[in-house]
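Scrolling down, you'll hit the structures one after another.
Both of the next two complexes hold chain A, though its partner changes from chain B to chain C.
Let's turn to the complex of A and B:
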């Protein structure tokens, strides 16, 4: 006997489903939202809300325009071509601040952090963080505060002296390659660009998503880190740790939910530890953009979980190869420079014996 | 009855095994793949030898001093080679550089310093790689050094800048996926045996299914500055059949920091 084949009802359901879904978002042949594409997530909206804005989630049009105008003015003023006949900066630096500062680094031409805030549901956002309501990370645990204070003692602008010698810090911040931040070593993008959570940084903010039936790959432009997210299944055994954690995904309606755990000791997200757990939610809201929402928890670092969201707008830009380690000549220079500072500081100490 | 059975067996045997396909009917190469060969040591036809880096001994070549301690692990397994005809048609000057590279293997092989591997070398290194493919995208993630390639479906014109992994543009030739790769720098090798090229290198790769679990990989290599003629490699790629086959982290940058930067430590370790 032939089994009963309810052909018509299924076809009807499919048609109805197609009508409900509408044609507003691209879908894969399997009918899932198609997240594939390249996205430029550069934005002037900061991760953390300026304290003065309190619990305000959104900006007025006028405020958003003012922010964009100010940023454009700063960029115009600081991205002029450098004078090829300029002198070397004075010994100890010229006192200017920032990544490009003090010793004549790159100017704002190289900075690409967007030209405006981002909008969600038609409203400009004041911060990426949405929970807590003040748009700022929850307080650190006492142990995390202690670790952060310790790190701050080591991470200081270069004032031209080996402060770790005069202050007796051991090990010093430049003693070994392993003591330098992962981004400086070309192991990870800086500022949690590769994440997760994948956050906007000063430049190279492109992300590429490649979606297949059972995998979603997200390439982070900086340091060419590719996360391969398995759809379905379980996390790896926790003795396998990864730089970007182990990511598994599942669909909740039209939203891809990605759960990431099993990070190594130094996740890209500042302050986080190997106990970091991140849940990301990817939703295609229209043909041109994804909504990227995330929740971060690390009970050894933050007193409660925190969440944020940011728009991922599609872009036509292509991603150039980010060969970081291959050209990381400055890393040897950083270590060599510290050795010279140490020698000079010791020489000075010899000449001026301590009182 | 028996005849019918034989007929069906014949049909089953003749019918091509099911090629994985996308919804648009194109072959779907998505999955984790790996070469099984000695090509990563030496793409040319070769017998097993003492080491990648040799010195003259009283009765023939011996391992050079810096690699002596590796013993049998440092020896090179033999292979019939993946180069059509057995050898790479280097111009005489280029062959000289290749030989010199071999003598300076430890200082010159980009793999030693965890540099991006280039194409086609990435394909047959002893690491898996993962293809992620849909109707509009073809992406390859390699375990070694976390190298990646996004294969364009539309030719954007000549590469705007040289790169380690080159610029890849793909197209279908029937059921074969053909990738034209250009825009290379001159820093990568084809294997661990000093096989260099210039930044004029062009590689035409061809991926086609042999069975649902095997890809026939072919690449035609053109570089008029270095070779007397284009030459071809071919080898099968094997699907990693483990349940949950996947790429592991191999961020070798941290594994070479002592080699590359160790001398600049505040307290250098014995070397």
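Let's turn to the complex of A and C:
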């Protein structure tokens, strides 16, 4: 009996292959997966898994529903009207932590970080990080621990004082605009929003992909970071350094693999250094979504590489311009405020000389 | 530890959605909120909106207050990012000059007439469209850019 397959026309084979692979996805004229579109990656699934969940990668439907319901309830509760006869907040601060800095912070209207967890392969995820199995970054190297400890010397609740003067910390955290974080200076999205790896943050979580035969552009809404990925070729010489690194891509089957190196000294990813190396994998899994997977390595920071994945769902929403420098009054205010507190502290020290 | 509670706590810490919005996030000092506003200078501002700056990274609402001696002052209040507000159907002209608002917050450390919008409402207490403060860097490493 003659073999069956060779008698079929090539086109039929391709269609059969597409059906077998379930590859009903948009394609470019070259036949490559078409990744272009706008995606909203906001999610309540955290980057790092809460320690209490151990190696558990997924949530049950009931758990995921409970989380979404609770988030909705929090939003509803914090959107309620306030007392129109309320007083000013307490002197000394309202005790709020983190981003709120003891002066109160983002309210519900402001935050835009999704309404639920995300699903991959039909299962709700507990964290973006998948490797190590506990969903948490591997331990820091001794040198990275030392750097983190050095930074921690500057970390404390906001008391409205010039602690760097009274505690003799030099340089002070506000001595020079270039000492301030890149996001505060409108140079990069915070939280590695612009990546790589490109992670969800508190708001402005939209990404737009524009694809040609030899370039893929990813526009990040937050601080409008734009990555232009060359398809094929080699990295630029390592003496050319970039905020977002140098990205080159190639296709492995239907997956776009992007390799990024040659970062400058302060990549957006927390703790990372100029030795950061990121490999990302973009796969269009259906008409409405991409699977975004990544592996991070920086041998001067983490004791081993770590990986994660997150769904990028397409959205009908549009990206708005986020021209961060436009009205960044806060930045000058921060520096002016520090000068004023310093002058007051020095004046006080002059009046009360140390015993 | 209850795993669900653990999850929620983790989600709150990383994604910023906790019982009181992001106020349960871990301490990251040198962040714009803490850097910009003085916890020792609480303010309660009431008066009509005189101008809306619909700009990035965050909106600024100007309102006119009246001091006990009758003297008028214009204060600027820092609010949410226009991108998020647009997605909620709010626009540049949603808040018109003359609208009476109430703001509680803290004055800027530089002692200018600027405050964070800790809670911003209309005269009857309904929430105004905005949040608060900062240059939008909640996850930055403390002193990440510190020079050695």
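Here is the rule we go by: the second predicted complex is superposed on the first by the 302 of 355 C-alpha atoms of A that agree within 3 Å, B and C clash if a C-alpha of one lies under 4 Å from a C-alpha of the other, contacts with A are read in each partner's own complex, and residues count from 1 in each chain.
Note that in this section a contact is a pair of C-beta atoms (placed from the backbone, for glycine too) under 8 Å apart; a residue touches a chain by one contact, two chains touch by 3 or more.
Bear in mind the structure is a predicted one, so any value in this text is a computation, not a measurement.
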Partner chain(s) touched by A:36 [first = chain B, second = chain C, both, neither]: first
Could you look at A:321 and tell me whether it touches chain B, chain C, both or neither (first, second, both, neither)? both
Look at A:110 in the shared chain and tell me whether it touches chain B only, chain C only, both, or neither; answer first, second, both or neither. second
Touching A:230, do we find chain B (first), chain C (second), both, or neither? first
Partner chain in contact with A:186 - chain B first, chain C second, else both or neither: both
According to the stated criteria, A:155 is in contact with first (chain B), second (chain C), both, or neither; which is it? second
May I ask you to decide whether A:92 touches chain B, chain C, both, or neither, giving the answer as first, second, both or neither? second
Applying the document's definition of touch, where does A:52 land relative to chain B and chain C: first, second, both, or neither? second
First (chain B), second (chain C), both or neither: which does A:336 touch? both
Going by the touch definition up top, name the partner, chain B or chain C, that contacts more of chain A. C
On chain A, positions contacted by chain B and by chain C: 171, 174, 176, 178, 186, 320-321, 323, 325-326, 331, 336, 338
Report the residues of chain B in contact with chain A in the complex, numbered from low to high. 22-24, 30, 114-116, 130, 132-137, 139, 141, 146-148, 150, 152, 156, 160-161, 163-165, 187, 244, 246-249, 251, 253-254, 257-258, 260-262, 264-267
Taking the touch rule as given, give the residues of chain C at its contact with chain A in the complex, in rising order. 1-11, 13-44, 53, 55-58, 60, 76, 78-88, 102, 104-106, 108-112, 114, 116, 118-119, 121, 123-127, 129-147
Which positions of chain A touch chain C when the two form their complex? 43-53, 56, 59, 63, 66-67, 70-71, 74, 78-84, 86-94, 96-114, 126-127, 150-152, 154-160, 171, 173-174, 176, 178-184, 186, 190-192, 200-204, 221-222, 266, 270-271, 317, 320-331, 333-334, 336-338, 340-341
In their shared complex, at which residues does chain A touch chain B? 28-30, 36, 171-172, 174-178, 185-187, 208, 210-213, 215, 217, 219, 223-226, 228, 230, 233, 240, 242-243, 318-321, 323, 325-326, 331-332, 335-336, 338-339, 342
